[in-house]
Amino acid sequence: MPHPGSANSAPAAVRHVPATFGQVEIRQDPAWEQAFAAFLKDSERRQELLALFSRFSAGESAFDALMRRVAMRALCKRAGHGLQVGPNVVVKHPETFELGDCVFIGAQAMIQGRFDGTCKIGSHVWIGPQAYFDARNLVLEDYVGWGPGAKLLGSVHTGIPLDTPLIATGLEIKPVTVGFGADIGMNASILPGVHIGAHAIVGSGAVVTHDVPDYAIAAGVPARVIRDRRDKSLGQGEIRC
Amino acid sequence: MPHPGSANSAPAAVRHVPATFGQVEIRQDPAWEQAFAAFLKDSERRQELLALFSRFSAGESAFDALMRRVAMRALCKRAGHGLQVGPNVVVKHPETFELGDCVFIGAQAMIQGRFDGTCKIGSHVWIGPQAYFDARNLVLEDYVGWGPGAKLLGSVHTGIPLDTPLIATGLEIKPVTVGFGADIGMNASILPGVHIGAHAIVGSGAVVTHDVPDYAIAAGVPARVIRDRRDKSLGQGEIRC
Amino acid sequence: MPHPGSANSAPAAVRHVPATFGQVEIRQDPAWEQAFAAFLKDSERRQELLALFSRFSAGESAFDALMRRVAMRALCKRAGHGLQVGPNVVVKHPETFELGDCVFIGAQAMIQGRFDGTCKIGSHVWIGPQAYFDARNLVLEDYVGWGPGAKLLGSVHTGIPLDTPLIATGLEIKPVTVGFGADIGMNASILPGVHIGAHAIVGSGAVVTHDVPDYAIAAGVPARVIRDRRDKSLGQGEIRC
């Protein structure tokens, strides 16, 4: 078998580019678009709005993207300006969602609310593709970055009594909060009841079972705090984990 | 940059609610719906049935959900009552699937059978969103809970000879079984040949390379048994891992 | 609750079957299909081609699969023969993709290029379902196998200054390369700047933060090299990790 790929694999240089999403400034959506969403919200039942959203969920035209934003705005309890919703996103109980401005929801992500739950997502929050949120009692503060495939669980079965199948035992819904400017690594798992501090970083593939302090870097399974970002003796460059 | 999200992040109380899915009782699907599925199964070729299923795969109307259930019933070797199939689910070789009653398949999940394989899923099984099954020789017993994004592999390449690309070497298909009432954590990986015992719990993000005994809690990468749920000296409350 | 599943869970034998995908020989696509893709590429704008692709992204008919292949060929900088694209695949900036022959892209996968990036995928590459690629500077050499749900990150925020939200700090794009015949495990995470050697194996759920040598097996979080596949004293059979 030939091996032509090798010719392509010479080491390439690291490139430095400015942040794009995190630097975006809020611009008001056009008045007609806001009015369109308000009209839909007033005139359609929730089930029909969700069906409308799904009609445009897979499309890649500019019109599809517009209709996803409008339908989400009509579906959510509150949604700010500049919302972007990627293709194949799935939502449950969006009537409990409160979204800030400039929120990005990546392709194939799922946000699963609960009929009596709360889900607050701040402004300038970036949610990567294939993310999953069990958003029964969730707060993502402003400027949170959520890695591709990272997942969050918001509830746990009690497991009592022992000989009852776990999924038939009672459920504890525990609030999860992610602080201002925190960053959650690709494929990480955040478990029920956890608070991630402001400016904290959670490593890729980490499984976070306990609170992470402000400015901490936590990594591993289960996640341990491996560094304080404010400790200058350790250097700041190497934050992958 | 303002920090308005903080006002929302005061600690909220844990809520205890009854299990919903795990307590559902089996109700027969309407006779006409069963007859509709039987008619489709008799009159359409498999490829056309799968194409029919895909026409309704993304929709969020009640009709879309109904058509997913009917089409899956027509596609599967056997499917019980009360099947729920979320949006954007993908199936391969569903003609090898045998599903019990009250099975839930979450949004964006994929079940990948093999033309000559077997895939048996018991009653009251809950499969979370974004799950993946390499279901070549798979048994999920009754009341299994399968976490969001948890994945199962059913085969491994031999890797012999060494200088052949792994994906071109022979394949070993190894049966995987998950026992009654067991619970698989979010984002966990279950590897070929593994048996998960009845009432066992696999932690979030765990990579399970060896059998897990009945009532055991296994966690980590690779997963180790960290507790027996029947050991009362350790308490029962803290089962997250 | 009854326990009928148990009757099905008797241990079943391991089956050995030949590799299918890895042994496929390249066959030229029909001339008309190539001409169709060339016509689309010449006559449609990129945005319209992507919209066209999305019209067929969910379908399971043979025609849908054909249209996904044709549209991808028209969208990509280069695409070889025998391309297979599963349902619900999402691509960004496919104009930067260079695909070899016999490439398989599994269902629900996402490949996210960058407008000024490069993404080179060799021949006979198998990309599992639910995979994710941040493909800003990526090379997958020939005969790479990419496990279901495995994810790759191609860039990292600098995190400087500390009190700026991470997603608003500068971005470093670091090249990632995966060598000939290497195999990436299910749910693994590959981080920016990493080189995976030829014939290397990355275990399921591994988080790869550093280079992996040729023929090495790396596993864990973070991943460590646990074996050299050429070391015969350790046996070759047990490669799951």
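So that you can tell them apart, the chains are marked A, B and C in the order they are listed, and the count of residues begins at 1 in each.
In this section, contacts are C-beta pairs under 8 Å (C-beta built on N, C-alpha and C of every residue); 3 or more make two chains touch, one makes a residue touch a chain.
Predicted model, so just to flag it, every value in this text is computed and none were measured.
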Pairwise touch network: line, ring, star, complete, or other: complete
Proportion of interface numbers common to subunit B and subunit C (over half same, under half different): different
Averaged-CA centre spacing for the pair subunit C and subunit B, given as whole angstrom: 23
In subunit B, residues with contacts to at least two other chains: 1, 58, 88, 108, 124, 130, 142-143, 149, 165, 180, 187, 205-206, 221
Sites on subunit C touched by subunit B in the complex: 1-6, 8-9, 11-23, 58-62, 64, 86-88, 107-108, 124, 126, 129-130, 142-145, 147-149, 165, 180-183, 185-187, 199, 201, 203-206, 215, 219-221, 229-230, 236-237, 239-241
Contact footprint of subunit A on subunit C as seen in their complex: 1, 47-48, 50-51, 53-55, 57-58, 88, 90, 92, 100, 108, 110, 112, 120, 122-124, 130, 132, 134, 137, 139-143, 149, 151, 153, 156-160, 162-175, 177, 179-180, 187, 189, 191-193, 195, 205-207, 209, 221-222
